[in-house]
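The chains carry the letters A, B, C and D, assigned in the order they are written, with residues numbered from 1 in each.
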Amino acid sequence: MTKVYEVDRLIRHGHTDPAGIVYYPRYYEMINETVEDFFRDVLNLPFGHLHLEQKRGFPLAHMETDFFAPSRCDDIIRFCLTISRLGNTSVTFDIKAVCGDEVRLRARPTQVYLDLQTMQALPLSETIRTRCADYLSPTHDKE
Amino acid sequence: MTKVYEVDRLIRHGHTDPAGIVYYPRYYEMINETVEDFFRDVLNLPFGHLHLEQKRGFPLAHMETDFFAPSRCDDIIRFCLTISRLGNTSVTFDIKAVCGDEVRLRARPTQVYLDLQTMQALPLSETIRTRCADYLSPTHDKE
Amino acid sequence: MTKVYEVDRLIRHGHTDPAGIVYYPRYYEMINETVEDFFRDVLNLPFGHLHLEQKRGFPLAHMETDFFAPSRCDDIIRFCLTISRLGNTSVTFDIKAVCGDEVRLRARPTQVYLDLQTMQALPLSETIRTRCADYLSPTHDKE
Amino acid sequence: MTKVYEVDRLIRHGHTDPAGIVYYPRYYEMINETVEDFFRDVLNLPFGHLHLEQKRGFPLAHMETDFFAPSRCDDIIRFCLTISRLGNTSVTFDIKAVCGDEVRLRARPTQVYLDLQTMQALPLSETIRTRCADYLSPTHDKE
(Lines give C-alpha, C1' and ligand atoms only; values in the text may rest on other atoms or scores of the structure.)
Protein backbone atom coordinates (compact mmCIF):
# COMPACT_ATOMS: atom_id res chain seq x y z
CA MET A 1 0.00 0.00 0.00
CA THR A 2 1.54 3.28 -1.12
CA LYS A 3 1.87 5.87 1.60
CA VAL A 4 0.87 9.45 0.82
CA TYR A 5 2.72 12.29 2.52
CA GLU A 6 0.30 15.18 3.18
CA VAL A 7 0.81 18.71 4.37
CA ASP A 8 -1.65 21.63 4.54
CA ARG A 9 -0.88 25.17 3.43
CA LEU A 10 -2.89 28.31 4.07
CA ILE A 11 -3.19 30.59 1.05
CA ARG A 12 -2.18 34.02 2.27
CA HIS A 13 -2.82 37.56 1.14
CA GLY A 14 0.76 37.80 -0.11
CA HIS A 15 0.32 34.78 -2.39
CA THR A 16 -2.47 36.42 -4.37
CA ASP A 17 -2.59 38.93 -7.20
CA PRO A 18 -4.95 41.72 -8.31
CA ALA A 19 -7.29 39.07 -9.76
CA GLY A 20 -7.57 37.70 -6.21
CA ILE A 21 -5.98 34.37 -7.18
CA VAL A 22 -2.60 32.83 -6.43
CA TYR A 23 0.29 34.34 -8.43
CA TYR A 24 1.69 31.09 -9.81
CA PRO A 25 5.37 31.44 -8.75
CA ARG A 26 4.06 31.25 -5.16
CA TYR A 27 2.73 27.76 -5.93
CA TYR A 28 6.26 26.68 -6.83
CA GLU A 29 7.42 27.88 -3.41
CA MET A 30 4.71 25.67 -1.85
CA ILE A 31 5.68 22.71 -4.06
CA ASN A 32 9.32 23.10 -3.05
CA GLU A 33 8.34 23.43 0.62
CA THR A 34 6.30 20.21 0.36
CA VAL A 35 9.41 18.38 -0.84
CA GLU A 36 11.44 20.12 1.89
CA ASP A 37 8.92 18.90 4.51
CA PHE A 38 9.07 15.35 3.10
CA PHE A 39 12.86 15.40 3.38
CA ARG A 40 12.72 16.54 6.99
CA ASP A 41 9.82 14.38 8.17
CA VAL A 42 10.30 11.18 6.15
CA LEU A 43 13.95 11.08 5.08
CA ASN A 44 15.21 12.75 8.29
CA LEU A 45 17.17 15.16 6.09
CA PRO A 46 16.30 18.76 7.00
CA PHE A 47 17.42 21.02 4.14
CA GLY A 48 19.71 23.07 6.41
CA HIS A 49 21.61 19.95 7.44
CA LEU A 50 21.62 18.57 3.88
CA HIS A 51 22.98 21.75 2.29
CA LEU A 52 25.25 23.21 4.98
CA GLU A 53 26.59 20.08 6.75
CA GLN A 54 26.49 17.41 4.05
CA LYS A 55 27.15 19.89 1.20
CA ARG A 56 24.55 18.09 -0.85
CA GLY A 57 21.39 19.22 -2.54
CA PHE A 58 18.46 18.07 -4.67
CA PRO A 59 18.13 20.69 -7.40
CA LEU A 60 15.31 20.53 -9.89
CA ALA A 61 16.01 18.97 -13.29
CA HIS A 62 12.52 18.80 -14.76
CA MET A 63 9.04 19.95 -13.76
CA GLU A 64 5.63 19.37 -15.27
CA THR A 65 2.66 21.15 -13.76
CA ASP A 66 -1.04 21.28 -14.53
CA PHE A 67 -3.20 23.97 -13.02
CA PHE A 68 -6.88 23.00 -12.88
CA ALA A 69 -8.58 25.67 -10.76
CA PRO A 70 -7.50 28.88 -9.05
CA SER A 71 -6.97 29.32 -5.28
CA ARG A 72 -7.89 32.36 -3.23
CA CYS A 73 -6.78 33.94 0.04
CA ASP A 74 -7.74 31.90 3.15
CA ASP A 75 -8.14 28.64 1.18
CA ILE A 76 -6.47 25.70 2.89
CA ILE A 77 -4.77 23.53 0.31
CA ARG A 78 -3.64 19.97 1.01
CA PHE A 79 -0.46 18.97 -0.82
CA CYS A 80 -0.38 15.16 -1.28
CA LEU A 81 2.99 13.68 -2.27
CA THR A 82 3.81 10.27 -3.70
CA ILE A 83 6.80 9.19 -5.79
CA SER A 84 6.39 8.19 -9.40
CA ARG A 85 10.00 7.23 -10.13
CA LEU A 86 13.08 6.34 -8.10
CA GLY A 87 16.04 6.69 -10.45
CA ASN A 88 19.67 5.94 -9.75
CA THR A 89 20.48 9.56 -8.85
CA SER A 90 17.06 11.20 -9.00
CA VAL A 91 13.54 11.14 -7.59
CA THR A 92 10.36 12.14 -9.42
CA PHE A 93 7.64 13.29 -7.06
CA ASP A 94 3.94 13.43 -7.91
CA ILE A 95 2.21 16.14 -5.91
CA LYS A 96 -1.53 16.85 -6.04
CA ALA A 97 -2.86 19.94 -4.34
CA VAL A 98 -6.53 19.77 -3.37
CA CYS A 99 -9.04 22.01 -1.62
CA GLY A 100 -11.90 19.86 -0.38
CA ASP A 101 -12.81 17.69 -3.38
CA GLU A 102 -11.35 20.04 -5.97
CA VAL A 103 -7.94 19.31 -7.44
CA ARG A 104 -6.19 22.64 -7.86
CA LEU A 105 -2.92 21.53 -9.39
CA ARG A 106 -0.64 18.57 -10.03
CA ALA A 107 3.14 18.89 -10.13
CA ARG A 108 5.78 16.33 -11.06
CA PRO A 109 9.24 17.61 -10.14
CA THR A 110 12.30 15.47 -10.89
CA GLN A 111 15.11 16.34 -8.52
CA VAL A 112 18.70 15.11 -8.69
CA TYR A 113 20.87 14.17 -5.71
CA LEU A 114 23.97 16.33 -6.06
CA ASP A 115 27.35 16.84 -4.44
CA LEU A 116 27.40 20.65 -4.17
CA GLN A 117 31.20 20.80 -4.09
CA THR A 118 31.74 18.91 -7.36
CA MET A 119 28.26 19.62 -8.81
CA GLN A 120 28.16 15.90 -9.78
CA ALA A 121 25.10 13.67 -9.36
CA LEU A 122 25.33 11.06 -6.60
CA PRO A 123 23.62 7.66 -6.37
CA LEU A 124 20.74 7.81 -3.89
CA SER A 125 21.83 6.36 -0.56
CA GLU A 126 20.23 3.12 0.62
CA THR A 127 18.48 5.04 3.41
CA ILE A 128 16.93 7.52 1.01
CA ARG A 129 15.96 4.74 -1.39
CA THR A 130 14.36 2.60 1.32
CA ARG A 131 12.40 5.42 2.89
CA CYS A 132 11.21 6.71 -0.48
CA ALA A 133 10.06 3.21 -1.51
CA ASP A 134 7.06 3.38 0.84
CA TYR A 135 5.75 6.34 -1.15
CA LEU A 136 6.37 4.82 -4.59
CA SER A 137 3.16 4.70 -6.58
CA PRO A 138 2.09 1.22 -7.82
CA THR A 139 1.73 2.77 -11.26
CA HIS A 140 5.21 4.26 -11.08
CA ASP A 141 7.31 4.56 -14.19
CA LYS A 142 9.40 1.41 -14.54
CA GLU A 143 13.02 1.95 -15.49
CA MET B 1 11.16 34.26 -40.35
CA THR B 2 10.12 33.77 -36.72
CA LYS B 3 10.83 36.71 -34.47
CA VAL B 4 12.37 36.05 -31.06
CA TYR B 5 11.48 38.32 -28.16
CA GLU B 6 14.50 38.71 -25.87
CA VAL B 7 14.95 40.26 -22.46
CA ASP B 8 17.92 40.18 -20.08
CA ARG B 9 17.70 39.54 -16.34
CA LEU B 10 20.38 40.04 -13.73
CA ILE B 11 20.58 37.21 -11.19
CA ARG B 12 20.52 38.88 -7.80
CA HIS B 13 21.65 37.94 -4.33
CA GLY B 14 18.03 37.46 -3.29
CA HIS B 15 17.43 34.90 -6.05
CA THR B 16 20.08 32.55 -4.71
CA ASP B 17 20.20 29.97 -1.94
CA PRO B 18 22.83 28.65 0.49
CA ALA B 19 24.28 26.54 -2.36
CA GLY B 20 24.92 29.85 -4.18
CA ILE B 21 22.55 28.94 -7.01
CA VAL B 22 19.11 30.22 -7.99
CA TYR B 23 16.28 28.97 -5.75
CA TYR B 24 14.02 27.62 -8.49
CA PRO B 25 10.74 29.42 -7.63
CA ARG B 26 12.61 32.66 -8.48
CA TYR B 27 13.05 31.35 -12.04
CA TYR B 28 9.27 31.09 -12.35
CA GLU B 29 9.02 34.76 -11.38
CA MET B 30 11.46 35.55 -14.21
CA ILE B 31 9.53 33.35 -16.65
CA ASN B 32 6.28 35.10 -15.73
CA GLU B 33 7.96 38.51 -16.04
CA THR B 34 9.23 37.59 -19.52
CA VAL B 35 5.65 36.88 -20.60
CA GLU B 36 4.55 40.11 -18.86
CA ASP B 37 7.20 42.04 -20.82
CA PHE B 38 6.08 40.40 -24.08
CA PHE B 39 2.49 41.44 -23.39
CA ARG B 40 3.52 45.05 -22.74
CA ASP B 41 6.09 45.43 -25.52
CA VAL B 42 4.62 43.30 -28.31
CA LEU B 43 0.89 42.98 -27.59
CA ASN B 44 0.59 46.49 -26.12
CA LEU B 45 -1.21 44.94 -23.15
CA PRO B 46 0.52 45.95 -19.91
CA PHE B 47 -0.62 43.57 -17.16
CA GLY B 48 -2.01 46.42 -15.01
CA HIS B 49 -4.28 47.55 -17.84
CA LEU B 50 -5.20 43.97 -18.76
CA HIS B 51 -6.17 42.95 -15.22
CA LEU B 52 -7.56 46.15 -13.71
CA GLU B 53 -9.17 47.88 -16.72
CA GLN B 54 -10.09 45.01 -19.04
CA LYS B 55 -10.76 42.57 -16.15
CA ARG B 56 -8.99 39.89 -18.14
CA GLY B 57 -6.02 37.70 -17.39
CA PHE B 58 -3.81 34.94 -18.79
CA PRO B 59 -3.47 32.42 -15.96
CA LEU B 60 -1.23 29.41 -16.34
CA ALA B 61 -2.85 26.10 -17.33
CA HIS B 62 0.22 23.95 -17.95
CA MET B 63 3.98 24.32 -17.58
CA GLU B 64 6.87 22.12 -18.58
CA THR B 65 10.36 23.15 -17.55
CA ASP B 66 13.82 21.66 -18.03
CA PHE B 67 16.71 22.92 -15.96
CA PHE B 68 20.08 22.24 -17.58
CA ALA B 69 22.65 24.19 -15.56
CA PRO B 70 22.56 26.36 -12.42
CA SER B 71 22.82 30.16 -12.35
CA ARG B 72 24.68 32.24 -9.80
CA CYS B 73 24.53 35.78 -8.44
CA ASP B 74 25.59 38.45 -10.98
CA ASP B 75 24.98 36.18 -14.00
CA ILE B 76 23.09 37.95 -16.78
CA ILE B 77 20.54 35.60 -18.29
CA ARG B 78 18.87 36.21 -21.63
CA PHE B 79 15.27 34.97 -21.81
CA CYS B 80 14.34 34.22 -25.47
CA LEU B 81 10.64 33.80 -26.18
CA THR B 82 8.89 32.29 -29.18
CA ILE B 83 5.42 30.77 -29.44
CA SER B 84 4.95 27.07 -30.08
CA ARG B 85 1.16 27.01 -30.26
CA LEU B 86 -1.63 29.51 -30.80
CA GLY B 87 -4.83 27.86 -29.64
CA ASN B 88 -8.35 29.21 -29.80
CA THR B 89 -8.25 30.56 -26.24
CA SER B 90 -4.63 29.85 -25.23
CA VAL B 91 -1.01 30.52 -26.10
CA THR B 92 1.92 28.17 -25.47
CA PHE B 93 5.20 30.02 -25.14
CA ASP B 94 8.64 28.48 -25.57
CA ILE B 95 11.22 30.31 -23.48
CA LYS B 96 14.92 29.48 -23.47
CA ALA B 97 17.15 31.13 -20.88
CA VAL B 98 20.82 31.33 -21.82
CA CYS B 99 24.00 32.73 -20.31
CA GLY B 100 26.55 33.17 -23.07
CA ASP B 101 26.45 29.87 -24.99
CA GLU B 102 25.04 27.85 -22.13
CA VAL B 103 21.33 27.03 -22.04
CA ARG B 104 20.26 27.25 -18.42
CA LEU B 105 16.60 26.32 -18.73
CA ARG B 106 13.71 25.89 -21.12
CA ALA B 107 10.11 26.60 -20.12
CA ARG B 108 6.87 26.00 -22.02
CA PRO B 109 3.97 27.69 -20.26
CA THR B 110 0.47 27.40 -21.69
CA GLN B 111 -1.64 30.36 -20.63
CA VAL B 112 -5.37 30.80 -21.15
CA TYR B 113 -7.11 34.07 -22.04
CA LEU B 114 -9.72 34.54 -19.31
CA ASP B 115 -12.58 36.84 -18.40
CA LEU B 116 -11.81 37.44 -14.72
CA GLN B 117 -15.42 38.28 -13.90
CA THR B 118 -16.91 35.06 -15.24
CA MET B 119 -13.70 33.00 -15.02
CA GLN B 120 -14.51 31.72 -18.53
CA ALA B 121 -11.96 31.32 -21.31
CA LEU B 122 -12.21 33.84 -24.16
CA PRO B 123 -11.21 33.45 -27.82
CA LEU B 124 -7.96 35.30 -28.49
CA SER B 125 -8.69 38.65 -30.12
CA GLU B 126 -7.58 39.22 -33.71
CA THR B 127 -5.01 41.75 -32.48
CA ILE B 128 -3.45 39.30 -30.05
CA ARG B 129 -3.51 36.53 -32.66
CA THR B 130 -1.91 38.68 -35.37
CA ARG B 131 0.83 40.06 -33.15
CA CYS B 132 1.63 36.64 -31.73
CA ALA B 133 1.84 35.10 -35.21
CA ASP B 134 5.19 36.82 -35.87
CA TYR B 135 6.69 34.85 -32.98
CA LEU B 136 5.17 31.50 -33.94
CA SER B 137 7.88 28.89 -34.41
CA PRO B 138 7.97 27.17 -37.86
CA THR B 139 8.01 23.86 -35.99
CA HIS B 140 5.00 24.88 -33.93
CA ASP B 141 2.47 22.28 -32.89
CA LYS B 142 -0.25 22.11 -35.52
CA GLU B 143 -3.78 22.00 -34.22
CA MET C 1 -2.41 41.65 32.13
CA THR C 2 -1.41 42.19 28.50
CA LYS C 3 -1.98 39.21 26.26
CA VAL C 4 0.75 38.21 23.81
CA TYR C 5 -0.21 36.67 20.48
CA GLU C 6 2.39 34.09 19.48
CA VAL C 7 2.97 32.14 16.30
CA ASP C 8 5.89 29.92 15.26
CA ARG C 9 7.56 29.99 11.85
CA LEU C 10 10.01 27.50 10.41
CA ILE C 11 12.93 29.11 8.57
CA ARG C 12 13.08 27.41 5.22
CA HIS C 13 15.75 26.87 2.59
CA GLY C 14 14.06 29.43 0.35
CA HIS C 15 14.28 32.12 3.03
CA THR C 16 18.07 31.97 3.15
CA ASP C 17 20.86 33.42 1.05
CA PRO C 18 24.37 32.32 0.01
CA ALA C 19 25.62 33.38 3.46
CA GLY C 20 23.23 30.77 4.89
CA ILE C 21 21.17 33.41 6.72
CA VAL C 22 17.70 34.82 6.13
CA TYR C 23 17.47 37.26 3.20
CA TYR C 24 15.82 40.13 5.05
CA PRO C 25 12.81 40.79 2.76
CA ARG C 26 11.62 37.29 3.76
CA TYR C 27 11.43 38.51 7.38
CA TYR C 28 8.97 41.18 6.27
CA GLU C 29 6.80 38.47 4.75
CA MET C 30 6.84 36.70 8.14
CA ILE C 31 6.06 39.97 9.97
CA ASN C 32 3.13 40.62 7.65
CA GLU C 33 1.92 37.03 8.06
CA THR C 34 2.04 37.41 11.86
CA VAL C 35 -0.28 40.42 11.59
CA GLU C 36 -2.44 38.47 9.11
CA ASP C 37 -2.69 35.59 11.61
CA PHE C 38 -3.61 38.02 14.43
CA PHE C 39 -6.39 39.47 12.27
CA ARG C 40 -7.80 36.03 11.54
CA ASP C 41 -7.39 34.48 14.98
CA VAL C 42 -8.04 37.44 17.30
CA LEU C 43 -10.03 39.99 15.29
CA ASN C 44 -11.95 37.35 13.32
CA LEU C 45 -11.01 39.24 10.15
CA PRO C 46 -9.31 36.88 7.68
CA PHE C 47 -7.48 39.00 5.10
CA GLY C 48 -9.42 37.45 2.20
CA HIS C 49 -12.73 38.49 3.76
CA LEU C 50 -11.37 41.91 4.78
CA HIS C 51 -10.01 42.77 1.32
CA LEU C 52 -12.43 41.06 -1.05
CA GLU C 53 -15.75 41.24 0.84
CA GLN C 54 -15.38 44.32 3.02
CA LYS C 55 -13.15 46.16 0.50
CA ARG C 56 -11.00 47.31 3.38
CA GLY C 57 -7.32 46.92 4.15
CA PHE C 58 -4.60 47.74 6.67
CA PRO C 59 -1.68 48.98 4.58
CA LEU C 60 1.62 49.84 6.20
CA ALA C 61 2.33 53.50 6.99
CA HIS C 62 5.51 53.22 9.03
CA MET C 63 7.91 50.44 10.05
CA GLU C 64 10.85 50.35 12.39
CA THR C 65 12.88 47.18 12.62
CA ASP C 66 15.96 46.12 14.56
CA PHE C 67 17.84 43.00 13.58
CA PHE C 68 19.89 41.55 16.44
CA ALA C 69 21.09 38.14 15.26
CA PRO C 70 20.80 36.12 12.05
CA SER C 71 18.54 33.10 11.53
CA ARG C 72 19.39 29.97 9.57
CA CYS C 73 17.51 27.22 7.75
CA ASP C 74 15.52 24.91 10.09
CA ASP C 75 15.44 27.44 12.96
CA ILE C 76 12.00 27.76 14.52
CA ILE C 77 11.27 31.38 15.28
CA ARG C 78 8.52 32.51 17.62
CA PHE C 79 6.86 35.78 16.62
CA CYS C 80 5.36 37.48 19.71
CA LEU C 81 2.90 40.31 19.03
CA THR C 82 1.59 43.00 21.35
CA ILE C 83 0.18 46.43 20.50
CA SER C 84 2.03 49.59 21.44
CA ARG C 85 -0.50 52.11 20.20
CA LEU C 86 -4.19 52.14 19.28
CA GLY C 87 -4.79 55.28 17.24
CA ASN C 88 -8.05 56.56 15.86
CA THR C 89 -7.50 54.98 12.45
CA SER C 90 -4.28 53.01 12.99
CA VAL C 91 -2.64 50.29 15.05
CA THR C 92 1.05 50.06 15.95
CA PHE C 93 2.15 46.50 16.59
CA ASP C 94 5.26 45.48 18.51
CA ILE C 95 6.57 42.15 17.30
CA LYS C 96 9.56 40.35 18.79
CA ALA C 97 10.95 37.30 17.04
CA VAL C 98 12.89 34.92 19.25
CA CYS C 99 14.66 31.58 18.85
CA GLY C 100 15.00 30.01 22.27
CA ASP C 101 16.35 32.80 24.48
CA GLU C 102 17.82 34.82 21.64
CA VAL C 103 15.92 37.82 20.30
CA ARG C 104 16.44 37.82 16.54
CA LEU C 105 14.51 40.94 15.58
CA ARG C 106 11.96 43.48 16.75
CA ALA C 107 9.51 45.14 14.36
CA ARG C 108 7.04 47.95 14.98
CA PRO C 109 4.68 48.32 12.01
CA THR C 110 2.01 51.03 12.04
CA GLN C 111 -0.88 50.03 9.84
CA VAL C 112 -3.85 52.19 8.84
CA TYR C 113 -7.45 51.00 8.51
CA LEU C 114 -8.45 51.94 4.98
CA ASP C 115 -11.48 51.96 2.73
CA LEU C 116 -9.97 50.47 -0.45
CA GLN C 117 -12.61 52.06 -2.68
CA THR C 118 -12.01 55.63 -1.53
CA MET C 119 -8.45 55.03 -0.23
CA GLN C 120 -9.50 57.03 2.87
CA ALA C 121 -8.60 56.09 6.44
CA LEU C 122 -11.47 54.77 8.57
CA PRO C 123 -11.94 54.96 12.35
CA LEU C 124 -11.24 51.57 13.91
CA SER C 125 -14.52 49.78 14.62
CA GLU C 126 -15.51 49.17 18.25
CA THR C 127 -14.99 45.43 17.72
CA ILE C 128 -11.45 45.89 16.46
CA ARG C 129 -10.69 48.39 19.23
CA THR C 130 -12.03 46.13 21.98
CA ARG C 131 -10.28 43.00 20.79
CA CYS C 132 -6.99 44.84 20.28
CA ALA C 133 -7.16 46.36 23.78
CA ASP C 134 -6.32 42.99 25.40
CA TYR C 135 -2.97 43.07 23.61
CA LEU C 136 -2.14 46.70 24.41
CA SER C 137 1.16 46.95 26.25
CA PRO C 138 1.05 48.68 29.68
CA THR C 139 3.92 50.85 28.48
CA HIS C 140 2.04 51.76 25.32
CA ASP C 141 2.44 55.18 23.79
CA LYS C 142 -0.23 57.47 25.21
CA GLU C 143 -1.97 59.69 22.69
CA MET D 1 27.69 68.61 -3.96
CA THR D 2 26.16 65.32 -2.82
CA LYS D 3 25.71 62.77 -5.56
CA VAL D 4 22.44 60.85 -5.75
CA TYR D 5 22.45 57.29 -7.02
CA GLU D 6 19.24 56.61 -8.95
CA VAL D 7 17.72 53.47 -10.37
CA ASP D 8 14.28 52.85 -11.88
CA ARG D 9 12.07 49.87 -11.12
CA LEU D 10 8.94 48.74 -12.92
CA ILE D 11 6.13 47.67 -10.60
CA ARG D 12 5.04 44.28 -11.84
CA HIS D 13 1.89 42.21 -11.57
CA GLY D 14 3.62 39.90 -9.11
CA HIS D 15 4.42 42.79 -6.75
CA THR D 16 0.77 43.65 -6.23
CA ASP D 17 -2.00 42.26 -4.07
CA PRO D 18 -5.79 41.88 -4.38
CA ALA D 19 -6.17 45.59 -3.54
CA GLY D 20 -4.11 46.27 -6.68
CA ILE D 21 -1.28 47.87 -4.70
CA VAL D 22 2.23 46.71 -3.88
CA TYR D 23 2.42 44.01 -1.19
CA TYR D 24 4.92 45.73 1.09
CA PRO D 25 7.53 42.94 1.46
CA ARG D 26 8.14 43.38 -2.29
CA TYR D 27 9.24 46.98 -1.57
CA TYR D 28 11.93 45.63 0.74
CA GLU D 29 13.21 43.48 -2.13
CA MET D 30 13.44 46.65 -4.25
CA ILE D 31 15.17 48.56 -1.43
CA ASN D 32 17.71 45.76 -1.04
CA GLU D 33 18.23 45.61 -4.80
CA THR D 34 18.87 49.37 -4.87
CA VAL D 35 21.66 48.90 -2.32
CA GLU D 36 22.90 45.87 -4.31
CA ASP D 37 23.02 48.04 -7.48
CA PHE D 38 24.90 50.80 -5.61
CA PHE D 39 27.47 48.26 -4.44
CA ARG D 40 28.01 46.98 -7.97
CA ASP D 41 27.94 50.30 -9.82
CA VAL D 42 29.57 52.67 -7.32
CA LEU D 43 31.63 50.52 -4.96
CA ASN D 44 32.59 47.99 -7.65
CA LEU D 45 31.50 45.25 -5.25
CA PRO D 46 28.93 42.99 -6.95
CA PHE D 47 27.13 41.01 -4.24
CA GLY D 48 28.17 37.64 -5.75
CA HIS D 49 31.84 38.59 -5.53
CA LEU D 50 31.39 40.14 -2.07
CA HIS D 51 29.64 37.12 -0.56
CA LEU D 52 31.20 34.16 -2.39
CA GLU D 53 34.78 35.36 -3.05
CA GLN D 54 35.44 37.82 -0.23
CA LYS D 55 33.20 35.96 2.27
CA ARG D 56 31.88 39.29 3.43
CA GLY D 57 28.40 40.75 3.63
CA PHE D 58 26.41 43.83 4.63
CA PRO D 59 23.46 42.49 6.62
CA LEU D 60 20.75 44.80 7.86
CA ALA D 61 20.94 46.01 11.47
CA HIS D 62 18.19 48.62 11.51
CA MET D 63 15.52 49.87 9.13
CA GLU D 64 13.07 52.74 9.30
CA THR D 65 10.53 53.10 6.54
CA ASP D 66 7.71 55.53 5.83
CA PHE D 67 5.09 54.70 3.25
CA PHE D 68 3.35 57.78 1.86
CA ALA D 69 1.29 56.58 -1.12
CA PRO D 70 0.58 53.23 -2.75
CA SER D 71 2.05 52.01 -6.05
CA ARG D 72 0.26 50.02 -8.71
CA CYS D 73 1.19 47.64 -11.53
CA ASP D 74 3.07 49.33 -14.43
CA ASP D 75 4.16 52.32 -12.31
CA ILE D 76 7.82 53.18 -12.82
CA ILE D 77 9.39 54.07 -9.50
CA ARG D 78 12.70 55.91 -9.17
CA PHE D 79 14.76 54.87 -6.16
CA CYS D 80 17.11 57.71 -5.14
CA LEU D 81 19.93 56.79 -2.75
CA THR D 82 22.15 59.01 -0.63
CA ILE D 83 24.02 58.18 2.55
CA SER D 84 23.05 59.74 5.86
CA ARG D 85 25.77 58.21 8.02
CA LEU D 86 29.16 56.58 7.48
CA GLY D 87 30.00 54.74 10.68
CA ASN D 88 33.16 52.85 11.53
CA THR D 89 31.70 49.49 10.47
CA SER D 90 28.30 50.50 9.08
CA VAL D 91 26.54 52.62 6.47
CA THR D 92 23.10 54.22 6.80
CA PHE D 93 21.45 54.77 3.46
CA ASP D 94 18.60 57.19 2.80
CA ILE D 95 16.43 55.99 -0.08
CA LYS D 96 13.47 57.91 -1.45
CA ALA D 97 11.21 56.21 -3.98
CA VAL D 98 9.26 58.57 -6.22
CA CYS D 99 6.82 58.27 -9.11
CA GLY D 100 6.78 61.53 -11.00
CA ASP D 101 6.44 64.20 -8.30
CA GLU D 102 4.93 61.88 -5.71
CA VAL D 103 7.10 60.42 -2.97
CA ARG D 104 5.93 56.87 -2.42
CA LEU D 105 8.24 55.81 0.39
CA ARG D 106 11.41 56.64 2.26
CA ALA D 107 13.68 53.96 3.72
CA ARG D 108 16.73 54.30 5.95
CA PRO D 109 18.53 50.95 6.23
CA THR D 110 21.65 50.67 8.38
CA GLN D 111 23.85 47.86 7.16
CA VAL D 112 26.96 46.46 8.84
CA TYR D 113 30.12 45.32 7.07
CA LEU D 114 30.65 41.75 8.23
CA ASP D 115 33.17 38.94 7.96
CA LEU D 116 30.83 36.02 7.16
CA GLN D 117 33.29 33.43 8.50
CA THR D 118 33.64 34.97 11.97
CA MET D 119 30.33 36.92 11.87
CA GLN D 120 32.30 39.90 13.28
CA ALA D 121 31.89 43.49 12.09
CA LEU D 122 34.78 44.88 10.02
CA PRO D 123 35.94 48.50 9.67
CA LEU D 124 34.87 49.88 6.30
CA SER D 125 37.79 49.78 3.87
CA GLU D 126 39.28 53.08 2.66
CA THR D 127 37.93 52.36 -0.83
CA ILE D 128 34.39 51.86 0.42
CA ARG D 129 34.66 54.93 2.66
CA THR D 130 36.00 57.17 -0.12
CA ARG D 131 33.45 56.08 -2.71
CA CYS D 132 30.58 56.40 -0.26
CA ALA D 133 31.68 59.92 0.76
CA ASP D 134 30.48 61.38 -2.56
CA TYR D 135 26.95 60.32 -1.66
CA LEU D 136 27.03 61.56 1.93
CA SER D 137 24.23 64.04 2.56
CA PRO D 138 25.32 67.51 3.81
CA THR D 139 22.79 67.09 6.61
CA HIS D 140 24.20 63.70 7.51
CA ASP D 141 24.24 62.57 11.11
CA LYS D 142 27.55 63.61 12.66
CA GLU D 143 29.22 60.98 14.79
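We take it that contacts are C-beta pairs under 8 Å (C-beta built on N, C-alpha and C of every residue); 3 or more make two chains touch, one makes a residue touch a chain.
Chain by chain, the UniProt names read as follows: A, B, C, D = 4-hydroxybenzoyl-CoA thioesterase.
What you see is a predicted model, and the numbers here were worked out from it, not measured in a lab.
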Far-end chain from chain A, centres as C-alpha averages: D
Winner on C-beta contact pairs when A-D is weighed against B-D: B-D
Separation of mean Cα positions, chain D and chain B [Å, integer]: 30
Geometric centre distance via CA averages, chain D-chain A, whole Å: 35
Of all residues in chain C, the ones touching two or more other chains: 13-14, 17-20, 23, 25, 29, 32, 48, 51-52, 73
List of chain A residues in touch with chain C within their complex: 11-14, 20, 29, 32-33, 36, 40, 46-49, 51-52, 72-74
Touching residues on chain D, where the partner in the complex is chain C: 17-19, 21, 23-26, 28-29, 32, 48, 51-52, 57, 59-67, 70, 116, 119
Parts of chain C lying in touch with chain B, wherever the complex brings them together: 13-14, 16-20, 23, 25, 73
